[in-house]
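Below, each structure is written out as structure tokens.
Look for chain A in each of the two complexes below; its partner is chain B in the first and chain C in the second.
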Partner chain A sequence: MSAVAAAPARRSLDREAWIARAAIAALALALIVTVALPLYALLSRGLESKAGAFVGFANYAAYFATPGVGRAVVNSLVIALASTVVTVSVAFVFAYGLTRSRMPYKGVLKAVALAPLLAPSLLPGIALVYLFGKQGLLKSLMFGQEIYGPIGILLGEAFYCFPAAILILTTALSLSDQRLHDAAVSLGASRWRIFRTVTLPGARYGLISACFVVFTLAITDFGVPKVIGGWYDVLAIDVYKRVVGQQDFQKGAVVSALLLLPAVLAFTADSFVRRRQVALLSARSVAFMPRPERMRDGLLFVFCAVVALAILIVLLTAAGASFVKFWPYNLELWLGHYDFDNKDGGGWRAYYNSIEMALWTAACGTAIVFLGAYLSEKSNRFAAGRMAIRLLAVVPMAVPGLVLGLAYIFFFNDPANPLSVLYRTMAILVISTIVHFYTVAHLTAVTALKQMDPEFEAAGASLGVPWYTTFRRVTVPVAMPAILDISIYLFVSAMTTVSAVVFLYAPDTALASIAVLNMDDAGDIAPAAAMAMMIVYTSAAVRLLHWLGTRGLARRSQAWRGR
Partner chain B sequence: MTGLSSKPSYLRVAGIAKSFGDVAALKDVSLSVNEGEFVCFLGPSGCGKTTLLRVIAGLEPQDAGRIERGGRDISSLPAAQRDFGIVFQSYALFPNLTVAGNVAYGLSRRGLGRAGIAARVDELLDMVGLPGIGGRYPAQLSGGQQQRVALVRALAPAPGLLLLDEPLSALDARVRVRLRQQIKALQRRLGVTTIMVTHDQEEALTLADRIAVMNHGAIEQAGTPLEIYRRPASRFVADFVGVMNVLDATADGGTARVGARTLRLSDGTAQSGPVHLCIRPEDIVVRGVGAATVNAVSARIETLEFTGPFFRATLRLDGGDATLVADLSANDVSDLTLAAGQPITVVLPPDRLRLYPRET
Partner chain C sequence: MRAIKSGKMLAAVFAAVFLIGGAGSVWAQAKTKVNVYTALEADQIKAYKDAFEKSYPDVEMAITRDSTGIVTAKLLAEKNNPQADVVWGVAATSLLVLDGEGMLEPYAPKGLDAVKPFFRDPRNPPYWVGMDVWAATLCFNTIEAAKKNIPKPESWEDLTKPVYKGQIVMPNPASSGTGFLDVSSWLQMMGDQKGWAFMDALHQNIGVYTHSGSKPCNLAASGEYVIGISFEYRASANKVKGAPIDLIFPKEGLGYDMEATAIIKGAKNMDGAKKLADWSVTKEANELYAKNFAVVALPGVGKPLEFVPADLEKRLVKNDFAWAAANREKILAEWNKRYNAKSEPKS
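Here is the complex of A and B:
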């Protein structure tokens, strides 16, 4: 190659390298601004007086001296622990049935088990009020106990956290080696012994992981206790009251820091546990195939069917209550509860806002997350920037939505911050939602990228093709199923989320989930149920579209996957 | 370059060093490759051969050292500018593109035009005996076909240097032998300078013009296959390439003592002190042996294994616990009516004995 011919190639190559560096730098910077700086603002605010002077842990001392605070801490721990025990035990048996039995209707049962993902956490609270409240159909089952309080919160959290536990546990239980079972059987081990020595150890890490995740979800959730908590104080409600009710941001920051603690602990323990799980299933393992067994399959089916029925009852109660005039006294079909424009809370505008927000979140979030994961995993330029992306991408997992929302107030509502123009706009709702759900999306993308041949980039480079061309022509098409999964996850999460955005919406950017909250607050429970169901319908419809779409896509553009 | 050699070296690497953390993957590696030459990097896994290939390709930055191509320093050029084609162990065929799409991948920026590209793709696929498969996806091809598509994709932009990273290791034995011949024929025909990494000595011996045997991040010996096999430069090379008998011995000028026996060494051997005395199994002579033949050694046949083309005998030397492995032809065995348990006199020809210093 002559020097003359080499010159333009050189220039395009330099440009290619600079594009990679610039993209990495931009993403790293974006994550610093939207993750690191707001968290810093939050934590530092907890150490300042109202006037902004550094006061150390004085706010913490003052907070703990407040009457009733000890009770909120204890209540939160009790509820989170109880929810963890109940949810994980039920989910373990359910997941065992899905993965280790030959019971019928597995597909339907799994779909129902995951259905709570489609609803905001306010929905189970509302449905439980209808079922067990003062005029509840099943009030007699409460034996004189109140649903408003710990029992209601516990049931609501179990509903809300169930899908997360199911997802983790089915994955853990399906990672089982048939050869181990065959060996145990051939050695004459009893069924109980096999369960104890093969099944449980194999699923051990999944169980631990599920416990941590459920505990974190339950202790930081705000929707369920808000609707059905009654007099029972928990930390998540305390943050909300202090910030929204009393405008006491310092104390809010203190409680947030406290809420950050269990989440960070859980996250650290979980990532430690995950690291040890890797080698369980080697490439030579044989996937476990359960053999039919009438007794076991029958019992498991009954159990799973009862659980699924309970989940369906919760959803159907909310749907039913939204469609009749006055549950349960006047069951005449009526659409008046969907007349949101004549209620407080934002009206249909809130619903359309939610759709808009979810679309932006899915579109921008998927692009940013996937590009970030790609650059951090596959590029070899600007190592410090890639490291920053990798570290900051997993931080949001440990940050509860309420804490994130409050952190955003501190950071974006600061007049000295040029980014404060974003405050009270749709953009900040989209940004906070992307950040809130960043980690799961990022890890999904990373998993998909790691499954790809690590030499694709090298092969492209050796053929003289710039990285962004190979990214567009090979990486994105091959990862398309994962990209669609990420976009759906972000869309549905954006539709259902309450916790971060509750601090950040403005009257003209109210969201459907916030309308549910406000209508419930105002005593319009039936319209709240109706709006919650609008979210469920939308999420379900999008999931269905995604399912149909991926099937169609699989047939056409993914034709190369099959033989 | 000094200009003394008739063929100037096409690729020259000098003083290449590379470590991953505390592990030194390459230590001061230097080598030159002539234009049109087929060079194999041979060594056990972890010896640094793949790292050296990736450094040459620009896929892995070296910590120190210089890479020159046609006299031009390319040490810091990125991969895309080094003008090489590479075939990876996994082939790294793009699964979502057809065979034609894969082969044409590096051609799109060469101003060939749509028809020109299609013609070039067809020509290349014909060349490796895969006409008409352009419309298929990689997953629809056999391992051997995928390998050839990867080869053709790497050759499509007519690179000056072809790099092959264990290209045959994922294939079964029969296909491997066939493709080996095809790669060699193709390389000859195109005259493209080629470097191949392999841990398979047979592959290296049959394919390469020159072999660089690597161990612990350094080149132990570089030479023609015959040189490597006949005159291994180190105990490691002797052991790694082919089968080698190793006896502990003490050398003293032209002779070596093994136990109570004294063996004559080839003329000009001046080594002294403790040594490993090495001989290949096929170099042990059993025919035409008399008591007076130089280096005749009496032994007993312990086992005699039929391996197909020859018999492999384990011989225990008389009056010691040293054993030798000897490859005997079927004719040797039947003519001399050899059987396990029988005494035998064998000759260890002086010119076939190799000495390597022994640590004591």
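Here is the complex of A and C:
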């Protein structure tokens, strides 16, 4: 009798194990095809001649022999370092205000600080032209200096990279033990000494992490220098010019490899540093609660308000510029700049394409990322496959968008590749965007899953429930906030991204962010501002919906977290 | 009464059958997509495309638009696996470059006989057929010039005067067809040595080299720079919109190039490509071109553009397309070597 009952149970256990193995294998394979193979295609192409013969580092030698290349490398490093110093210092004070003071309006200030996430990186460039260009509103503040060039790039990158730095630093600074501060105070330490010996060491890893992330973002971004770089040549622009302007893919691969270098270095160093991070909060820690302090809170508030105002001015300038008929000579209000159909870039179709692309990216991306994270964290089948998923999931973080896009051209435009049917379709835009933003989404999912007790799986298994039922009925509902965060992150990133897709779009799959680029290229800067603002409005509306929705959802699905 | 009724009924039945049949046949011959590469201005394309698709409802245009140099580079890069079926509204000098690579398919569009001989490849059947001519024009911002006390230039030579330092914008000839026709015409007008010497001097005054040929005029129109070296359509369009600019036609003569159509050899949609080539020489098409350009392929259709002198055709310098095409790569390499190395133009 018992033998008869055990046989079907074993079979169903086998079946569920095989489903887990198959899912892990499928996902690992998908990541190999969309991450590893394209990168291999890119790196190997840099070592080949146009005809495809192996030439070693001849392309690199030829590239470095071109006049002006040394300058582009130096310029890139200088601007990325300067952006890092400026952005991280401002962001540190801002994050300090948000976490270690009792200043008012923290919620509003944080929302404004994160607002640049909603805009493509071309937007700050466009707004800076209106603010500080030769006919700029605030031109007098430039003291005769030109905005087109390093100053413009620096300001634009600071705007673009600010939210990333804020996110990292607020997380780092909010982890602090009240007991350390109390001890320091009772030992009679001065305020400066407490900052130096308690605050800074605690935030050390966050600071290092923020520096690496901002440096990588700034050196690989091409939206800002494209619009406002003027004569100041940087490597990211060089990739674009080689590939789009001269259709010289070999040289493009060479510059890409160069761009990959700082990103990979920064990434490796960062993960090395992170491993050293020891837990700051133990079970006995007391969460730090800043006490009100008039002077400090007032000063921090003024500082944060000024920074927030600067961010708002950039956004409002772009919004305003899109309604002015003919800056600076005819200031009538006008909606004509929103008539995208008579402009470069694909018209309103491009905007709808962007929304379609963002929806697909959010839907498919969230499902794949979350399932992948679940299998790699919670399953115990097919260890090699799970290892592959874990490794490949963090690689995209170190691959700049332009490099990924070029890698996709090499890999998917190869007639010998059966996947070349995807080339020039919406599908390849969706795939490249999911891959481009995979790492952050994956890490978010992993963090959420790690918070969940493995007992769930154990209990499910002992009750004879297959893992996919536990996944569906327990894991997904409990992790719903993280799942929604991932989907919103993917949606907004897909709306604003330019770098990978700029090499991959076809006439019927033009995107809004690329339309901004093309309109600016043609000198239609007001319509470019209008399209950039359409992206901001859309991302903001979706975020708002998400916020309203999750408030309700949190009350229902997260009630268990309370008592 | 009855008769009328049944007559009406019959008509209704006929109409229904006709409609269903009609719809069915439209359904049956699904639209074919023709891949078009073009450097036409974005604000011109829509009108052309709508008119073409109205004449040929079975063909849908998939348009890849970019500046001349980029379209040319893209076509050359795809030589072994062409994505384009037809090239439309791209500089004749670029088409001659493609022809030199053996990439064009000869075709005599219906109605070719009416086209002015100057507007077609002399071979029979022709490898390319012209549409219209576009010419170098300066956009001069009068308000900013008055503020800065900058005199109005009359000639190309004037542009090298120190008073214009940092005030001039021109398109990069590697990416822009307008930029290339400027450089090529200066070299043909002044000869090699003097031509490069002129550009060296001009380089001292250039604020920035732009990607597109329209952008210099747009930058002059919005007062970012005083003078934009551009072309007559964009200049006229900006002035019509109310930009405070004067159009200047330098007295030495105007460089020009011709927008033309050619079919790519091995086109996947050869039929669609031929239909576009046919449509491109029709009177209807030429009348649309004439809204944007004064000199078009069919005789008697062209009419002067607002703010552009009626004798524009006479002001054009001689342009040897074959010379320009044969030397294009060499000229661009030299130009890049001299001016693209991104040294501050002012130093």
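Details
Everything below uses one rule, namely that the second predicted complex is superposed on the first by the 559 of 563 C-alpha atoms of A that agree within 3 Å, B and C clash if a C-alpha of one lies under 4 Å from a C-alpha of the other, contacts with A are read in each partner's own complex, and residues count from 1 in each chain.
Note that in this section a residue touches a chain if its C-beta (ideal position, glycine included) is under 8 Å from a C-beta of that chain, and two chains touch if they have at least 3 such contacts.
Because the structure is a prediction, the values reported are computed rather than measured.
With the two structures aligned on chain A, chain B fits next to chain C without clashing. Shared-chain residue A:Tyr148: touches chain C; no touch with chain B.
In the superposed model, the angle subtended at the C-alpha centre of chain A by the C-alpha centres of chain B and chain C comes to 160 degrees, rounded to the nearest 10.
By the touch criterion defined above, A:Gly298 reaches neither chain B nor chain C.
When the two complexes are overlaid on their common chain A, residue A:Gly549 makes contact with neither chain B nor chain C.
By the touch criterion defined above, A:Asp453 lies against chain B but remains apart from chain C after alignment on the C-alpha atoms of chain A.
Here chain B and chain C are compared by how many residues of chain A each touches, and C touches more. Chain B and chain C never share a C-alpha pair closer than 52 Å once the two structures are laid over each other. Within the complex formed with chain A, the residues of chain C that make contact are 35, 42-43, 46, 62-65, 67, 69-70, 73-74, 76-77, 81, 83, 143, 174-175, 208, 210-212, 214-219, 221-225, 241-244, 337, 340-345. Residues of chain A touching chain B in their complex: 1, 6, 9-10, 13, 16-17, 453, 455-456, 458-466, 473-474, 477-478, 557-563. On the side of chain B, the complex with chain A involves touching residues 57, 59, 78-81, 83-86, 88, 90, 92, 94-97, 105-106, 108-109, 137-140, 153-154, 156-157. Only residues 67-68, 71-72, 129, 133-135, 148, 230-233, 244-247, 249, 326-330, 341-345, 415, 424, 506-508, 521-525 of chain A touch chain C when the two sit together in their complex.
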